[in-house]
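Chain naming follows the written order as A, B, C and D, and within any one chain the residues start at number 1.
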Amino acid sequence: SDVGRLLVRCPDGPGIVAAVSGLLHAHGANIAQSDQYSTSLEGGTFLMRVVFHLPGLAQRRAHLERAFAERVAADHDMTWSLHDAARPKRAAILVSREDHCLLDLLWRTRRGELELDVGLVVSNHDDLRRDVEPFGIDYHHVPITPDTKPAAEQRLLELLDGQVDVVILARYMQILSGDLLERLGVPVINIHHSFLPAFVGAQPYAQARARGVKLVGATAHYVTEELDAGPIIEQDVARVSHRDDVPALIAVGRDIERTVLARAVAWHAADRVIVHDGTTVVL
Amino acid sequence: SDVGRLLVRCPDGPGIVAAVSGLLHAHGANIAQSDQYSTSLEGGTFLMRVVFHLPGLAQRRAHLERAFAERVAADHDMTWSLHDAARPKRAAILVSREDHCLLDLLWRTRRGELELDVGLVVSNHDDLRRDVEPFGIDYHHVPITPDTKPAAEQRLLELLDGQVDVVILARYMQILSGDLLERLGVPVINIHHSFLPAFVGAQPYAQARARGVKLVGATAHYVTEELDAGPIIEQDVARVSHRDDVPALIAVGRDIERTVLARAVAWHAADRVIVHDGTTVVL
Amino acid sequence: SDVGRLLVRCPDGPGIVAAVSGLLHAHGANIAQSDQYSTSLEGGTFLMRVVFHLPGLAQRRAHLERAFAERVAADHDMTWSLHDAARPKRAAILVSREDHCLLDLLWRTRRGELELDVGLVVSNHDDLRRDVEPFGIDYHHVPITPDTKPAAEQRLLELLDGQVDVVILARYMQILSGDLLERLGVPVINIHHSFLPAFVGAQPYAQARARGVKLVGATAHYVTEELDAGPIIEQDVARVSHRDDVPALIAVGRDIERTVLARAVAWHAADRVIVHDGTTVVL
Amino acid sequence: SDVGRLLVRCPDGPGIVAAVSGLLHAHGANIAQSDQYSTSLEGGTFLMRVVFHLPGLAQRRAHLERAFAERVAADHDMTWSLHDAARPKRAAILVSREDHCLLDLLWRTRRGELELDVGLVVSNHDDLRRDVEPFGIDYHHVPITPDTKPAAEQRLLELLDGQVDVVILARYMQILSGDLLERLGVPVINIHHSFLPAFVGAQPYAQARARGVKLVGATAHYVTEELDAGPIIEQDVARVSHRDDVPALIAVGRDIERTVLARAVAWHAADRVIVHDGTTVVL
């Protein structure tokens, strides 16, 4: 506790670091870690993540935010946010029938590896209820058919609106409408079961096998209205061979998917991901 | 020496292994290694690579081949080839201006890592002559422009025809015509500077950066008339981050390219790659 | 079903493959996959794994085994075993307090990734009972103290003797006595929480951090009476940095441990591991 | 050009970042990248690397250093150094007979991948002269036998003293005496052909094979008087199997060795490595 994290994005220019660190110092904060990145040495965008220790952060946060807004952010045209590391992000996990990503997230959260407070799991099937409830988490079954999609999305919105800071699609096989994404107003993280941008679309493992690829991969990304095109947070691959038939590829893929999604969620939950210009910077 | 390698492809069915191993045994060969693969348990294709030790192989090879053709291959409708491990494959390397794949192949060949006898290097530029000639290998400068392409390909054909068992494109930035490929009549191995099938085409590293991918890759494949679509032999990736600008991605890419190409060439030279149904099986 | 696997180890010499494949062929079996390995071209040991399809295997197995013993194995001084792929291995999992390896094995078994029939979980603590029982698997609490070790091992033996084909130590923090290992008479697989042979002993992550290593690893091996020295089945590593303190290293280690153990168990369950001369050959 | 790099190590405490960035800002520098690390939140050591852009750095450097020493470093008890990125480090490479690490370093330097100015290569054999001289680099043959070691080290010292900023042991099979190390007074980087701390000593690949390990590795480290125990800069591994005999392991090892050494040298040359408490922090 008493650890804060500051994320900053602004046009690059001289004196930004000095201004940020000076203000934090003046308020009694001690900087423990700071990562910065400029998209270009001339006229680029400056991105920064600062982790600091400030006794009494919870009480002093509003005051610090006001000072930062007035005395630093305004001068440098900053987009910024300040996070209290003691408050885990409230999360909902959406899932269909496959359990590997869901169980890995729940287990890691229980372990303390993810700074999450998982409030609910929502699925368009009832299959995984018995796996979720022992974790003490509510399980909501919201079936979706083409006909009922608007009503189902309305139900989703009621469950999630104002209740969560992030939504995680852990092999949720429904496409969220642009309207729903907009009304949710929080980041939505998806795991795509292939190495984007290769094998966009359905049945990537069958595509990969037909092409004879020697690696299969997975991609975690923020969801945007354009399918499979949101900013990539993390990717990884595993080696396969001709001996791996499609079920074997799918099994290998499950390992990569759960690992990649867990890493992406961990980074998001630790305020390490800044979206910029259609891609991400992980600091 | 006295080590032979037999590659077999045929419709699957009972008794193939017994027939092959029985004939080799009857001729005094001792099987040291055997790898087999069936594309499906029912009605598939059977692929096999056998490494055997046969004293006096060089003298007895023609006899063995005749016997194999008559008594085994015909019964099982086999496509097959028999290789003497003591005879390295005669190779030509084609290159443009980038030296990393070329030099790595020459270093590895000199060190004995690749079962190659590199007879010549051909380039459409003269830049790399001074790097190649110290290896005692002929360097041929065959410029190509859109106008002179037919004559240049004719010159390539004169240099290569009957002289080589394999052609390696080590960052050769010209497209070989289907006509030339056919008249060469030997396998052509290419290194593609991206993780196929993603980023087909030019400037894959700029594409990758724009997309924010977290891994860059390379693909070694046999060349077919259809660009970037030949059977994949090997692929690999390396991790990158937002800190890597396009030149940095290219530098990382060079490492992957030379490693992937060297592995593919090593496997081809060791008769480990069987092409089947548009993909490869590496045994 | 109707898929058999034959594991063979014998002194190398001519005609082994022909004899094995000939006998299988004569009994109507079709060889789907065969992997062989000779430890040396002269006077070495020959190791072989054959996967075959034989209609009615369950009924014909005893007959086939008898024929193989008499007509092939005796001539070549073989150590061999024949397995019916339709019969998953009966397994016990021993665990102490850490759940990551245990849960991963249970999830994978339920999903059909491991050819196991997990009959029971035994622990020297009662902590994980609530995680295990929802899988429908018996949980036995067998406490062990230095004073009660003989009685506790006797209790273990009663639970396991004749009931299992393999015992898996999934972070079981007790050392099995040589006497118990011998009386169990089945393979015991352990996951060691470091990259053997480095960091033998306790607190490997603290050791690794003090030494500033850039990778942490895990090792799955068969248990022998000599601690940490049994034949290695599988190993892997993950990248770490100075930013990872000991708890972070342990978290990274958990991922490697469960993955390495699951791979080793999968290979063992699929009859792919042959122990030879203090090490393993994975075919 | 005009890019500087500042490395700082000091007892942790409030206001360090503000002081450093404030001074740089006051001198007209723009911070492009900054990485910090505290060994502990309470009473730890603070490490920092700052990359900044300062027009006219070469002319203004002495002035900046004086100001930094007086107004920042003294207050915080800092160990620090300031580097001009436009001045590559002067390097000597020491090698015995194996060429893979040497050639890779020379080729990468020529490519512009390493911020090095390689002034000379020294070897206890004359074998690699013909590979080095085409790069336009002096090759010195300094034979060493047990009897001539003091004289040979004296000759080494004459060649290197005051001429280089770093010495790279690229598979140099002689042990440098503690006396020589001290008199050289510059960092010495070594590539150790195994995954330290496993397989300390000679013939690590034969040791690895006997133990049946599934990965082989290499370690780049700073040389200290205690053999194989200096601070680790980088490590990596590659997967191997029972099919890899000792020569094959050595070939795989060469790839890892050259890659790991090149990475360690690149980081050192880019002022990214800070030694602290017997280990390294790579920022």
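One rule holds in what follows: contacts are C-beta pairs under 8 Å (C-beta built on N, C-alpha and C of every residue); 3 or more make two chains touch, one makes a residue touch a chain.
Just so it is clear, the structure is predicted and the values come from calculations on it, not from any experiment.
Comparing the CA-atom centres of all chains against that of chain C, the greatest distance is found for D. The geometric centre of chain A is 42 Å away from that of chain B, both derived from CA atoms. Separation between the centroids of chain B and chain D, computed from CA atoms only, is 37 Å. Residue positions 37, 243 of chain D each touch two or more of the other chains. Taken pairwise by the contact criterion, the protein chains are fully connected, each one touching every other. By the touch criterion given at the top, residues 12-18, 21-22, 24-25, 28-38, 41, 53 of chain B touch chain C in their complex. Chain B makes touch with chain A in their complex at residues 37, 195-199, 210-215, 217, 231-232, 234-237, 241-243, 278-282.
Contact residues on chain D toward chain B in their complex (touch as defined above): 99-100, 103, 107, 111, 113, 130, 134, 243, 251, 254-255, 259.
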